[in-house]
Structures are given as C-alpha cells and as structure tokens.
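Pasting a structure below so you can have a look.
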Amino acid sequence: MKLHEYQGKEILRQFGVNVQEGRVAKTPDEVRQIARDYGDAVVVKAQVHVGGRGKAGGVKFSPTPDKAYENGEKILGMDIKGLTVNKVLVTRAVDIDAGVEYYIGMIVDRNVQSFTLMASAEGGVDIEEVAAETPEKIVHYRVDPITGLRPYEARAVAIQAGFKGNLNKIADMMVKLSQAALARDAVLVEINPLFVDASGTPLALDTKFEIDDNAMYRHKDLADWREMEAEHPLEIEASKYGFAYVKLDDGNVGVLGNGAGIVMTSLDVVNRAGAKPANFLDIGGGAKAEIVYNAVKLVSKDTDVKAIFINIFGGITRADEVAKGVIQALKDGILTKPVRMRIAGTAEEEAKALLAEVNSPLIQMYPNMFDAAAEAAKEANAASAAASTKTVENK
Amino acid sequence: MKLHEYQGKEILRQFGVNVQEGRVAKTPDEVRQIARDYGDAVVVKAQVHVGGRGKAGGVKFSPTPDKAYENGEKILGMDIKGLTVNKVLVTRAVDIDAGVEYYIGMIVDRNVQSFTLMASAEGGVDIEEVAAETPEKIVHYRVDPITGLRPYEARAVAIQAGFKGNLNKIADMMVKLSQAALARDAVLVEINPLFVDASGTPLALDTKFEIDDNAMYRHKDLADWREMEAEHPLEIEASKYGFAYVKLDDGNVGVLGNGAGIVMTSLDVVNRAGAKPANFLDIGGGAKAEIVYNAVKLVSKDTDVKAIFINIFGGITRADEVAKGVIQALKDGILTKPVRMRIAGTAEEEAKALLAEVNSPLIQMYPNMFDAAAEAAKEANAASAAASTKTVENK
Amino acid sequence: MGILVNKDSKVIVQGMTGREGASHSRAMKEFGTQVVAGVTPGKGGMDFEGWPIYNSVAEAKEATGANVSIIFVPPAGAADAVLEAAHAGIPLVILITEGVPTVDMMRAVQEVKMLDAQSREHGGEGVRLIGGNCPGLVTNGEAKVGIMPNKIYTKPGRIGLISRSGTLTYEAAKLLNDAGMGTSTTVGIGGDPVIGTTFADVLPMFEADEGTDAIVVIGEIGGADEEAAAEYIKHNMKKPVVAFISGRSAPAGKRMGHAGAIIMGNVGTPESKLAAFKDANVPVADTMPEIIDLVKAALNK
Amino acid sequence: MGILVNKDSKVIVQGMTGREGASHSRAMKEFGTQVVAGVTPGKGGMDFEGWPIYNSVAEAKEATGANVSIIFVPPAGAADAVLEAAHAGIPLVILITEGVPTVDMMRAVQEVKMLDAQSREHGGEGVRLIGGNCPGLVTNGEAKVGIMPNKIYTKPGRIGLISRSGTLTYEAAKLLNDAGMGTSTTVGIGGDPVIGTTFADVLPMFEADEGTDAIVVIGEIGGADEEAAAEYIKHNMKKPVVAFISGRSAPAGKRMGHAGAIIMGNVGTPESKLAAFKDANVPVADTMPEIIDLVKAALNK
C-alpha cells in the first residue's frame, strides 16, 4: 500500500523524525488559510500516487497566501497521469540554498534478504537517475532485520556518503527511519530531500512510504489511509475480490491465469503474438467458478480490452470450474468480447464438454497457450484496427 | 519506578493484553458511581506501593454500589504500612470459581543476563511463597533480549507449566507481556492472577510493574505517573538531589558514603557495632561540599537517626570537600546530631585541619571505619536508650 | 535418487488440521510420502485421520523421529512456525504459506541461517528453509513434500527442476514428462522477495546428485537470483543447465503478483538475466516448450 | 605480568572529549597507560590535548592499532558504543558508564558474547566486555584503563583483585598495599545486574597468570555470581582465593544503590554465598582488614 507524502510524514513523525511541518487542504480556501496561519511562504504539493508530480506542475512555491490560493486552485482537480488531485499538502517553504539536500532510504532487498539502507549526498533529485548515472554516489548498507540499524552503523554510513552537518542528529534520523521501516513493515521508505540546514540539523522535506500488503493485518490503524479514489478504479475493484491485478498501459488483450508465474509468461506470449496485454490478473490456486466469473467480469469492464486470453494449468484448479465461470459470464451478458483459452490439467475433458454444449464463437479452447494467445491477439488487433478506423471516420 | 496496579494494567492494555476492566476513584462517591456504571459486583482495591495490601484490608469485594461506597470509605485514607491510600481501583468482580488462576511474570535475571519468564499454575497467591515452598511448580525460561519471547516458546512454557485453556491465547498473552517488558524497560512485570475462564480465555486480574530507573529518560510519557505521595518523604527528597537513598526500618544510625559498595559495608559495620543503620545513602563519586551538605541535611531530618556515620574512601572524592560540607551544616544549625566520620584518601590532611579549626564535639574523625562506626553506634544507642526512658517517664 | 527428500523422509505437517494442511496431507500420503504426524498447538493428543497431532514440533519430532516439516500455518504465525521447526532441530523446513509479511521472513531467514551455521560448526546437518510462498518439493516416485499435482511427478526422471513460480513448475514438469524425460527432484523455491533457499543453493545439490543429468532453472524478473545462479554455474557446474525467464515483457516498477517480481532501476531486468546466463553458457528458452529442445540438445552434446 | 592490560596495551577512549572522558584520559596517561586516541562522533579530525580524535572506533583502530577501548559515553549511547567497539574488532572493551538501561546491557552483552564466539571459532582472540558501571581495570605499574585513584596501584604486587564495587576495590587495594603485598591486576567488574564479565570469567586468567599468587574476590549481596565463582574455584583453582561480601546486613527486597545488589526470594542472600565459599574452601573475611590476615594465612599454607 502506497502512502501519500503527508501520511508517510505522519508515520515518520511518530517515530521521532524531524519532519517539515505541513497541513492537508482540499480546497483553495483551505490552502490560503494554512498559508496565512504559517504567515510565511509555502509550497503547495499535489497528493497523488504517481512519480514526477513536480514536472507535471503538481508542486508550486507560493510566496503569499493569495498566490497559495491560486496555486491550490490550479493543482486541486488537476489530472496527473490519469489520477485526479483531490488533496494538497501545504508546507512552509524552506530556503534550500541555506543548506544541503541529501537522500536516505530503506528498501526491501531480496539480494541481501533484508532491508538495504541507501544514502546519497545527491539528494533532492530523482534517486533512480542517480542510480542509473552515478551509482557510486549511493552508499548501500544491509540492515540487520532483527536488531535494526544501530547509531554507530548509521554514523559510518553518513560519513561514507559524505554527509556534512551534525553527524549524531543525521545518524539518529537514519536510525528512526529504520525503526519506522521495520515496525511499519515498509517495502520502501525514502526521505528525499533530507535537508540539512546551516546549523547542521536534518529535516525531512519529502517522503515516499510504501507498506507491505501482506502485513496490513497488523496495521489496522492505517487501513483508513488507503484512498481508493487515488488508485485505478479496476485495481480497486480487483482488491475487493482479492485478486492480484495490475492494469497495464496501451494494451488490448485481457490476460488471466492461475498463478503469478503463468500469468507473467502469458503476458510474454501475448507480446510475442504481436498484441499488448492490457492487464495482469492472477486468480490464484483452486479457484471456483464464481471467482473466474468475477475475474472475467472485471477484465470485461476494461474498455481497452478487445479480447481475453485465459491461461490455466490446473493442479488444484479444475478446468471445468473455469469453464463454468466463463459460461455463466456469457449467459449473464457480461462477456461480450472473444475469449481464447487454454485450460490444461485436472477435469480438462469435462471443461471441453461444457463448452461444446454452449457452442459460442465467443469462447474457444486451444490445446496450448501459444495458439490461444495467437488467436486472442488476432481478435484484439482486428478490433483495435476497426476501432481506430472508426475514430478516424468520426473525425 | 514502581507503577500502581492501574498504571501497569494500562501499559499491558497498550500492548494488547486482555486486562480486567477497571476505573480509578479518589472518593467513595466516585467508587459508588463506577459500581453503578458497571451494574455488577465490583472489587475495590487500594493503590499503594506495598505488598500484602489484601491482608491489610486494602482489597474488598462489593456486591452492591452502596457496599462499594462503604468499602471505598474504609479503604480511602487508610494507612497501609505507613503509606496513605489516596486512590482505589474499582474493577468488575470475577467469579474466580468459574475458572483457574495462574501466574506469569518477567524479571531481570542477572544469572542469565536477560529476562527470565516465570510461569506457574499456582496463581492467585504470593509467588514468593510458591518459590520458597514448592519451587518446582514455577517454570523458568530465559527470554532472548534481542528477539523477545516468540509464540512457540510461550506455548512450550505454558504446556510445561501445566496451563489449561486456549493455548494460543495464553501464549499470546505471554508474548505481549514480554513485548511490554522489553519496550517499557521493566525490571519486573507480573500478571497474578492470570485468570483463565471456562471458555479458556485468559484475563489479567492483577499486575505488578516496575520500570528500570536508568531507562526513564526514554519513557517521558510515564514520568507523571511517579506519585510522590506514595513513597517515603525522605526518599522523595533524596531523589530530587539525585542520591541513591533507601530508608531502613528500626534504625538509629544515619549512614552515608561514596559508592554503593562502601555504604553497604558501612551498614554491615554499624550492625556489627551493635546499632542499626537507619538508611543507605550513596553520595556518589567526586562529591563537592554542597552535595555532602545536602546529604547531611537529609539524614538529619530523619527523626529515627540519633547519630551519623560518614564513611569516605576518597579517590575522586576529596576529603576536604566532605569536611566543608559537614562543617557548613553545623554552622547553619542543620546538624544537631553527632557525626562520626572516617575520611581516607585524597586531601585527608586538609580535612583534618578544617575540622580542628571548628573543634566541635559533634564532629569527630577517626582513622578507620570501625572506630568511627563504633563511636556512632555508641552515641546512637545512648540517645535511643535516653529517648525510650523519656517515653516511659512520660507515660 | 534425487535431492533433499526421498522414500525415507519422515514428514510432519505444521497446521495439519487446517483446510489446506488437511487436504495436502492426504495428497502427500497418496503420493507415497511418509507423513508421520501433525502439529497444531492446542490440539495435541488428537487423532486426525490416523495421524497423531502434537502441540509442538519438539514433541512431534521426539515421538516420530521426523526430519522434514511442511508448514501450512496462516501468514501471521508462519514465521514463528519456521523458527519453531528450526529450533527443534528439523533439518529441512518447507514453508508453503503465501502472504507472510516480508519483515517476518527477513528475520526468520536470518535466524535459520545462523542456526544452520551453528549446527554445522558443531558437526550437525544444518537447517534449511525452502520458501515461503512456494509449492514445495518432490522427488519423483519417492516423496512429495508440497502441493503440486501428484500425477505429473510419478515417473522417475533425470532432470532436476528449480523454479520461482508454482504453476510454471507444473507446466515444465509436464512438458518434461510428456517428452519422455521426466524430473528427478523438483524444487519450488518460491516467489517472495525474501526466501530461505535460492537457485544457487540448490544447484550444487543437483550437481552432486547421481540421479540428475541436467537441470532446468525457471526464473523470472526481479532480484538477482538468476544472476547469482549464472555466476555459480559458470564457476562450478559440469552438468548442463537450461533456463527460462518469465515476465520478460513486464514493465518496470510494477509488481506482478509475485512480490519478488518487480524491476527496480537496473536490477532484475530480463536483459541482465539473459546476459548473465549467456556469460555462463546457459541456453535460455524463449518459450516453455523450447526448454525441451534445449535440454535434449544439451544432453546430446 | 598481570592480566588483560599491560604496558603494550594501546587504549582508545570513546567519549574522550566529554568531562569524565577528558579527566580520566589525563589520569590514565599520568599513570603511564598508552592512550593513543579518542573517539567522539562529529569531532573527527580534532586534536585534543595531543590526542587525535576520530569519528568512529573503526577509524581510530585503523589509524592507531588500538586493542583496548574504554567508554565514557553517556547512558543513552553507551550500549551502542560497546557494539561499535566490538564490531570494530577491539578485543577488550571497558564500559565505565553508570546508569545504562538494563535492557540495553542485556542486548549488548548477548551480542558481544556472540561476536566473541564467532571470533574464536575463526581463530580470532575474541571480544571481552568489562562492566558497565565499573571502575575499570589496572595492572600495577603497567597500565590503568579505568577511573581508580592512581597512587594505590603504582607498586607492582602479586595479589589479584576482582570486585563488584568501585570504592571497595580501592579500599582493598590500599589495605593490600599498606600490608606490603600489593596487587597484580585489579578488575572492577561492575555493580549492575547485567555485566559483561563475571568473577568466574576472570578467575581462570588469574589462575594462569604467573604474576599472581592469590586472588581476593570482593562480592556483594544479590545474584549468584559469587556462588558461580565458588563453584569454579572448587573444581578448577589451585591458587588460594579469599572472599569478602558486602551488604550482609541489608534487608531483602531493597535495592542498595547497586542495581545488582538486591535479594530476591532465596536468591542472592549472604547465607547462600557464605555456604558456597565454605564449600569451595574459600575463607570469607568478616571485615575488610581481615582480608589481609586471610591472604597472609593462605599464602603461608
């Protein structure tokens, strides 16, 4: 679960991190009021779950309350990469030139089977860029997941990263970042920029915080923070069904299967067949007809989807249950796009018999995944071409 | 720092322990109101920092609100071992016969250099008695101080202790007890009785919780909980000066020295000389005149004290500073009881010179601790005898 | 032959009385695995379909001499179950549970490795954790300690199989079966970001196994396990290895069901994995069926 | 001769630039100890009265080859300072700081013991922590790494001294000095409930030291360290040992300044300690001066 900047800051504050003061606003009037309360220049920052909001115009310096109002008006309601901005964070502006900007972060790192602490004196910019262009400027340090980061380790990392300022205070912030990451089951938590002022005191100006979905059961106090409106509507629906679902850009083939590996491979196969997958959808193991029905319903709602590729290797999952779910969707009028399936394994013959009974051109079964994917790709591409012709005609 | 039952329960509740509901009252009216709110039989329990409050009449079952009022009236203001009861905890009464009473506790155990978890099916009674009479009925288990107690360990201990009921829930309570002990720097934390009802669910009916004074700096939220009125007034004053001070019962010689070991030995020496020490007072290392002055002032206030034995082996502590402090107390009229001292080490000669100048029979210096202690004991015992004669005469 | 489990393995099931635990205990028994007991805290003393249930792993091990444990405990208790088994001295622990918090796995994996080192230093056989979020492992015709469908693992074969994905493991096993080769042992290492056993841990066992002629590695995007495997193969393996990588068309930064399958920056890209395998002279199949051709070609060299 | 520290010990001071650290650094230097550097995070690069200051123990060790560290860091950072020194590979770490939270000490002591075991298993010299809340240690005429008054430790002697109490250590050393015997090495192990080194850890070193003829153990009420020492002596020591126990008249349940000096139930009573020493044939002095008579008697046997 991704947290908004203001939420991540709230958690870090609970762990004692010195965080830049700020308040959330939902209207330009509220933005102005906060700016007046602070009696100082402020920054108005869009709260959306996408990167690059700054470049998209979602972060604006506001020297006066009226300017803050104006910027609030611009940013609230704005569309950033398909997501509407409903909230902004208004923070006191900081004179960046009066200090330095660093980067610190903790990330789950499978290569060290723990968290890796990252620290760089190149803060304030996209750390991915630093990683790509000057990786030597990022210090990596494995954090012991049982003890957490200790102050002496933090000091060593800060020194190695070339941080200037109050060494003990900066190290203390790193220790608290580690405590927050471990206690709150972070997948990723970053402070960037970590601003160190002229007196050497560190201050967290911006944060990223993402929590392990597997651990949400022990963070019930944060469940309210999942803000549905800020995620893709189909992803919200999928999360209700408990599906692992990812919407993919520019796709035209809906993909579903039983197991993350088989679905990933299905995406590859669709690509190879010359079409583009529109989503990743794992229905899990041992799915009954109803789950398949819901999965088909979900994928069908996606207007990008022109055909559906279902890829099942049944162990626990029974092929006839899959067939039943698809057929029910057809009968209920939910399924209007061609489905091309490969269902191997348990009860394969029963599935075939059920489909033969229905005998609809919309549902076709193939002996292997390549044929099924190729047919789905063909159908989808034909439909896409037709649609784009139509669009041209309508112009 | 010892916590009251209601405070210890509050902490355990924060860690998710299922604790018997209760509210604190300071007046009989409040007691009645709570009993009415619960609409059930209640128990009224004195909140004082001494053991054996039950035997002293500080815990009373109250079947009706009026009876609760009556019991509140009896207990509030009551004197238990020299401490006045200012608060009671009013809890719903539990039908003990409908379940079983166990004991669990975590204690700092220097022999295993960690916490030891103790568990016994013999709960509800004084665990010290169980330890003395049937030690085999207490299971001891070393808890790893880095990882804390894990559920599988807790289950093994519960099984070994012969606990009946919901094994997972009881183990979970033990795990949470361990988490509370580690996170809140307990020296000792007990749940006794740990009541397990007919459904197998555990409930903490009473607790003891004591926090490491050395760790209080990281539990500032609990600092308000230190309730001065519930401790010996001289101990409260000593804590303001930062002295390690313990008031001892039935003593007549005030004892002070520089270092815990030397003061402990001084107590032994006073005992050996036939008198009884009235206190333990460690002025610490490197004490200046002012600290000695305050220590003398504190010990002089104790009406039990008939003479004072000062035992200093000066390394960092300068003998002349000690002499100055004592002399100043004499000059200010604070010192009215004979002081018999041994001050060895740094600046011993200067101290002698200063005392010679003052030349008061109240202050005498001796070359070794035995002579000084013997003189202090003689003075104290003579004064005690005179006082008791006076008491007899006055009757 | 094969690795890790065989006819003599004595298996206990942690969480046997739960829904998943029960059904897979039956399936393992059907396969021929020596399932000797179950562990469900609070149900000790119960008889479950002929199996004795114990309150703890220690008791179950003491009573049955078990040397393998498979865990079906729900996510919140899964890491504790691993530690219980490891501390009780079970040398092989298989965690099937999906959805275990990553922090729990980090801690459990670190502690298991410490116990493993301690055990070995004192002459013991060590402790190995496989998984979590894995289908377990199976040595064809000998023992299955996992959740894979029984029928594709009945015939003994001579190809070792290691996979991060459950369904692709079945897919690959079936392909090898249908091609008349079959598998020796199949090890599903699991798709989570932090797991007990990696490709590079399993490869030396297959290298040493007389019942295995070649090894198939089914990797996926994310992490650097495939790169580490390639590095190991390059320097240590004599037997042929064939690889497959799923998720090659997945966009960066998106988590594809498997929490481990995510490309972060330049780490975990298909390009990096392809390059590593190429460097180690490991042919990589473009499609699953191509695996068969590559294995055949490798064996005929 | 003597144990643990000598003329060749190279000592760094963690917290040198603080008030206590500074004054005791000077006193140690006066004594003749090779104090080579100080560590104060954030003050690296500074010159402090001729000593170089480093930001970390690792840097200080690298630059000076130090093999002993003495810690004067305030309580909140003291356990971290211990771990820093231990992880940097300093084989002897002395924690003077008083008032360290017990939970911090439990964790630090456990981790130091683990590092010690690891180091020894890999052929290293191990890691030893002495203290906290201790006066340190001193080998007469060679090196003092502690806070005891210099002048009573100048003349080399042949009596080993181990004590839980600071002031009684000085008292005993002075008595031995005045009696013309003097001490070889004095080790203040500290009065806290959880400490790095106990009597039973130090005794074998004195047993092996050619410069020590007899050992004086200054114990106190609370805990079972004296009992453990007696057990060790009974089975392993050939050199005579004389004991003293302070706090024999203290009431149960009261903490006498030293957090470790508390009698809980039947544990830590003077009776138990006296019985243990009796069983080990260790004479116990009733008063401090009596120690001298007992040592003389033991040496003349």
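Per-chain residue numbering starts at 1, and chain names A, B, C and D are given in the order in which the chains are listed.
As a convention for this text, a contact is a pair of C-beta atoms (placed from the backbone, for glycine too) under 8 Å apart; a residue touches a chain by one contact, two chains touch by 3 or more.
In UniProt terms the chains read A, B = Succinate--CoA ligase [ADP-forming] subunit beta; C, D = Succinate--CoA ligase [ADP-forming] subunit alpha.
Every value quoted in this text rests on a predicted model; they were computed, and no experiment measured them.
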Chains in simultaneous contact with subunit A and subunit C: B
Relative to subunit C, chain with the most remote C-alpha centre: B
Comparison of B-D and B-C (more C-beta pairs in contact): B-D
Rounded Å distance between subunit A and subunit B, as computed from the means of their C-alpha atoms: 54
Distance from subunit D to subunit C - Cα centre to Cα centre, in angstrom: 51
Separation of mean Cα positions, subunit D and subunit B [Å, integer]: 29
Multi-partner residues of subunit A (each touching 2 or more other chains): 146-147
Residues of subunit D whose C-beta touches two or more other chains: 107, 111
Contact graph of the chains (line, ring, star, complete, other): other
All touching chain pairs, where touch follows the definition stated at the start: A-B, A-C, A-D, B-C, B-D
Subunit A residues touching subunit B - in the complex, by the definition given at the top: 146-147
In the complex with subunit C, residue positions of subunit B that touch it: 147, 150-152, 155-156, 159, 166-168, 171
Touch list for subunit B against partner subunit D, complex: 107-108, 110-111, 113-115, 128, 131-132, 144-146, 182, 185, 187, 212, 214-215, 217-218, 244, 246, 248-249, 257-265, 267-272, 277, 280, 282, 285, 313-316, 344-346, 368-370
Residue ranges of subunit C touching subunit A (in the complex, touch as defined): 75-76, 99-104, 106-107, 109-111, 147-149, 163-171, 174, 191, 193-195, 218, 220-225, 228, 246-251, 254-261, 264-267, 286-289
Residue ranges of subunit C in contact with subunit B within the complex: 41-42, 44, 55-58, 77, 80-81, 83-84, 87, 107, 111
